[in-house]
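Okay, handing you the structure first.
All chains are identified by letter, namely A, B, C and D, in their written order; residue positions are counted from 1 within each chain.
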Amino acid sequence: MDSNTLILQYQTIRAHTHSICQSLATEDYVPQPISDVSPPKWHLAHTSWFFEEFILKPHYPQYKMFHEKYGFLFNSYYQTIGEYTNRAERGFLTRPTVAEVYQYRHYVDEHMLTLLNKLELTTELAKLIELGLHHEQQHQELLITDIKYILGHNPLFPSLELALTKNDPTADQEYIAIASGNYSIGFKEDGFCFDNELAQHTVHLAAYEISSTLVSNAEYITFIEEGGYNRVELWHDEAWYFIKQHNITAPLYWHKINNIWHVYSFSGLQPIKLTDAVCHVSYYEATAFAQWREQRLATEFEWEVAADKLTWGARWEWTASAYLPYPGYTKASGAIGEYNGKFMVSQMVLRGSSIATSPHHQRKSYRNFFYPKARWQFTGIRLVKC
Amino acid sequence: MDSNTLILQYQTIRAHTHSICQSLATEDYVPQPISDVSPPKWHLAHTSWFFEEFILKPHYPQYKMFHEKYGFLFNSYYQTIGEYTNRAERGFLTRPTVAEVYQYRHYVDEHMLTLLNKLELTTELAKLIELGLHHEQQHQELLITDIKYILGHNPLFPSLELALTKNDPTADQEYIAIASGNYSIGFKEDGFCFDNELAQHTVHLAAYEISSTLVSNAEYITFIEEGGYNRVELWHDEAWYFIKQHNITAPLYWHKINNIWHVYSFSGLQPIKLTDAVCHVSYYEATAFAQWREQRLATEFEWEVAADKLTWGARWEWTASAYLPYPGYTKASGAIGEYNGKFMVSQMVLRGSSIATSPHHQRKSYRNFFYPKARWQFTGIRLVKC
Amino acid sequence: MDSNTLILQYQTIRAHTHSICQSLATEDYVPQPISDVSPPKWHLAHTSWFFEEFILKPHYPQYKMFHEKYGFLFNSYYQTIGEYTNRAERGFLTRPTVAEVYQYRHYVDEHMLTLLNKLELTTELAKLIELGLHHEQQHQELLITDIKYILGHNPLFPSLELALTKNDPTADQEYIAIASGNYSIGFKEDGFCFDNELAQHTVHLAAYEISSTLVSNAEYITFIEEGGYNRVELWHDEAWYFIKQHNITAPLYWHKINNIWHVYSFSGLQPIKLTDAVCHVSYYEATAFAQWREQRLATEFEWEVAADKLTWGARWEWTASAYLPYPGYTKASGAIGEYNGKFMVSQMVLRGSSIATSPHHQRKSYRNFFYPKARWQFTGIRLVKC
Amino acid sequence: MDSNTLILQYQTIRAHTHSICQSLATEDYVPQPISDVSPPKWHLAHTSWFFEEFILKPHYPQYKMFHEKYGFLFNSYYQTIGEYTNRAERGFLTRPTVAEVYQYRHYVDEHMLTLLNKLELTTELAKLIELGLHHEQQHQELLITDIKYILGHNPLFPSLELALTKNDPTADQEYIAIASGNYSIGFKEDGFCFDNELAQHTVHLAAYEISSTLVSNAEYITFIEEGGYNRVELWHDEAWYFIKQHNITAPLYWHKINNIWHVYSFSGLQPIKLTDAVCHVSYYEATAFAQWREQRLATEFEWEVAADKLTWGARWEWTASAYLPYPGYTKASGAIGEYNGKFMVSQMVLRGSSIATSPHHQRKSYRNFFYPKARWQFTGIRLVKC
């Protein structure tokens, strides 16, 4: 990638982060209501810290850090770099203020652009910057999901000007048949991908039929009304304990008001649109629903093989695959090596992308991953015939 | 109290709350780092809600509430009034914003002043307003202690312009001897007091000698250096578990840097002033220190009887008395009855006042109370010879 | 006390411990279902350890310990003596077996009797042995309450031959008036008492009227049926959270079966006897009940002054007094000093004794103490007119 | 399988359970020190309940249950059958006694043998009985691991006569090369298997080289000594938190005494045998070790394909595969359907068998599964070259 393209990308992507936050009140940037949900302020700082730590510190001549303690405050999890703030206590840090965090972003941007304009970029450095931009795009989606969580759990159910550009596609459901055989899996195009998509390899698949559409709210309401959340035989053992312990009886953000299902979105609390794809369900709920329908989720390989024939982009789709390394996967050395590999246990793969995913940040080989109980992402369900 | 005096008091006290907060960043108003520490924003709203709920709603003709959900959001614990926000989750409420809370305060003030100017105040109503003002003054001290906790736990140790007008008094220590005999306890003057100070009653005291001064930082450092935190025989059983579980080895806000004890104050992290009274210790620490010195804390009755001969006002002083009702104590009926009585279990009485106590909000009969583990108040130690 | 009397007492009291356990199955000796409830096996060993540690080791010539690790296993809380088993994990120790523990008791008894027969007892040593016997008697009551907890929480509700010799007395209720005045408090007789009863001192009491009888099951059922457990204004703040969190709606061991209240006793699950004194209530419940009756609990001083006019012995009676040191109280030095003093925080005093208290182990100056939430002791309610 | 063979198997397997327990003290049968570890008494009863619930109740004419409440007490997790004892509280049930549990076993055996002798067995019923026997064999291994946990955490480190018949094999290490290709996976022989092994299917494997031997204690000690437990880059993110939170610095049962590694076995605490295969490691530890060696674990498919060329039987071997349904897997209907399927989330597959596995209870297609943190099973490590 040439310098000019990289500069343009850098500017566009960094600006998009700001546009996501433009309607936030200062207060909205602060809290961390659950461990998974980071303060928006933290996302803004952490993505800048990534450029400061991995690009500016090693490559910008005599780089002077914006603030010596920000590394400690905004390192997310790169344990090889040293001590960092207790992950669950990010929401108590009122300082630096939002304004100071924006100054930090500005400072990093200025230096990055100076660097990008002056430097003969090595391929390695260009790749690292590209990684930083994809990292920022990942946090853009997290910004949206975390803001939604913060506002959607406020009893005032505030609305916010935050336009999600993509809409739920509408299509008739059909089942697409894929033949048995050996298929090649993994990133094949040119351009950027994460290390967890690499190492093309062959898998053998039995024949299967995959739905062209996602499960709708209407279908999910039927599941609820037919007692889905009280039929123990539909649930995994740990799932059953989880939903009973947390009194879960519907997707996140759903509220039954005067016998009508409502859902919180950035427009506030609204009656549910029945034709939309169901959203904010856990893997537990996705598999219980599939079990109830006597179907199943696709494996990530089945999903990837069929991807060209599917419409996708509305919801991250839970797959039946655990998040594990591909054959031949190796971690990068150093802190960058912590990017993906260390999460490859106890989580499930999601494929596709969602209405909150940043533009140009989707690939059919993309492997997203969350714990099976996670509900605050824009997650949905696609079925495969057993 | 006549109307004009009450109006003046109302204006002065409400304005003082704002002056405490004047240097805060918007972000500082939001978090609740531990259950005890409420968001400053919440204090501002809750004290206004008190006037709205108990004065304006019942007494202002056709009063229109500022917002129908604020009762739910800012009721602290008056359970008889209905559902309220989970106490531990106040810090996640980014809305209403700080600006909206100030609008709420302004709205309540306008209506209160209209009411105060127009109304023939009944004695009962005047007393209720006076209670609201003393309630606000209690929250003024909590505002200061809570702001200190929020900033004092930030790794940046930010300083804040928040002047505490009172200083630590300096005096030579002597022991004041009080003779054995029957003494009368409880509020005796004119003017306001809380219900827990009422019901004058007689107690019999054996002779005792009480220190004229509080324990200093210098003395407390000696306690630390002589192994006080590791000598199990000095501590209550539950205290020992508590300090070991939480790795407590010094008062709150103390940090040993390059072998010098520093302490966080609103001026930032500073070397400790040895002659100041030790501050931010729990009842557990206060009694362990007394045990180490082979002395003891005063009971709240000994304290009150000696009060006129003591200088006080620097620290809330832990007493050896549990917080229990005085003989003849009865709770007011209705929600106001929840003010004090329901806390009369498992807590200890503190007497005096502190450098963070609001002006005119101290009485020698005043009974403050906290759980024995509490450290975030401006608490200190006064000794009595065994 | 002369040697022969002490020998007789030693034999009688130690034998009584065995008689309490005589109908237990081996399995009943093992578990610790909650932290408060120790394994019966542990009580048997711990009371023997007391004699081994404080009498035999220092005073028996060339004493050879029964097992070098038993000190570690059966020290309860004497932290000055060294490391000891995590208090909450006593129930996982299947070894030593019950038989081995009885061998340990036998070994200690043999040596103690040798010592008692040979030795010219110093007064100090006699007092220490007497303390050990009173310690054993305290654990006899705990054995009964702990066995009851273990069996009473088994879905089979097994009965056990364990005769409690005392019965609930029956008497007509009257209120006994005590005049205002100064009264002397504390142990005054000859003979044994614990250090926490010492230091006679004067208290001033206002006039009061105290019930001659305890609150009955019939009265308590009325409290339940009139919604006592759902009327927030009757409860302390921490009590309300506690009963709601633990779904407490009746005293411990009560079960409503086919609309009839049953209670577990050593005879199994039986319909409640309405005239019996209510039992197994917490301080929280006792005060809520008193509040509902618009009366109150007695202070421990009011109780002691009236004691000669009361029938007592059926239930430990919650008082309105926190467990705090008497004026002039000092702890014994060394490990024995841990006996009482270190528990003087956060607990409430109970006076009287119960149907499970060992014979000759009751005094009107006796100060029992438990946390306000405790329900597994034989605790009841006596009212005083406000 | 004909009736006589089944009768013989029934008698042999049921008797083997008793032989495992023959040296236990009564007390050893009672506790549940952690949720994973059930009381031996419970295993004895639960395996009998299985036959009573699924065979005798539906198939024995006019069967009279041994005790009406045992279903409630000894149902493990078959939620479709109804309410059952809180899983974490099994250790508090002192009744039924051990003797009563053995009577229960005897009663069930008598009726089972009557049934087996009289009945024309349908194939379906024979299969259900066979399932019950394999279920019992699974619990035989759990009995051993749970007894080891109970005794191995007792500070007395008691030894027990419990002979594990199999020994660690000794062999020189070599790497066995397997060629790339499509392979058939799943149970192929005649005879019994669990439903999770069924549904033969094809997988494609890249070429790999698998170690003929397991990782030894000597190798693992090197890992420890070279700082393996403190090198964050070797560990999964959740693993790192886990080992730091629980202070894990060696396999379970390891103790460093006078600088020599000891390990608890049924012979008591003994110096470690360096050539033995390392045992009682979690999946976290297994992957960190592999990472340190720059190798990896085998997938369960790689393991199964190579199985005929491996010696195995000493340790359950953690694989790199999550426990997920095979293509085409369907659960049996009814409670038996809960046997395997509902655990297919968040756990890892182990292959092989261990020195505690019952004779004849191993197959190369056998899929064992545990959470990645589990350490109380006889688990070890086999490496594959990356």
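Observations
By definition in this document, contacts are C-beta pairs under 8 Å (C-beta built on N, C-alpha and C of every residue); 3 or more make two chains touch, one makes a residue touch a chain.
A quick note: this is a predicted structure, and the numbers were derived from the prediction, not measured.
Shared contacts of chain A and chain D, meaning chains that touch the two of them, come down to nothing at all. One rotation lays the C-alpha atoms of chain B on chain D, and its angle is 180 degrees to the nearest 5.
Chain centres here are Cα means. That of chain A falls 57 Å from that of chain C. Between chain A and chain B, the centres computed from C-alpha atoms are 45 Å apart. Put simply, the C-alpha centre of chain B and that of chain C have 36 angstrom between them. Along chain D, no residue makes contact with two or more other chains.
If touching chains are joined by edges, the resulting network of the protein chains shown is one closed cycle, each chain touching exactly two neighbours. Touching chain pairs in this entry, ordered by label, are A-B, A-D, B-C, C-D. Per the touch definition, chain D reaches chain A in the complex via residues 77, 79-80, 182, 201-204, 206, 232-233, 235-240, 283-284, 287, 296, 320-322, 324-325, 327-328, 330, 337-338, 342-346, 372, 386. Looking at the complex, you find that chain B touches chain A at residues 25-31, 33, 41, 69, 72-73, 85, 89, 91-98, 150-151, 153-156, 158.
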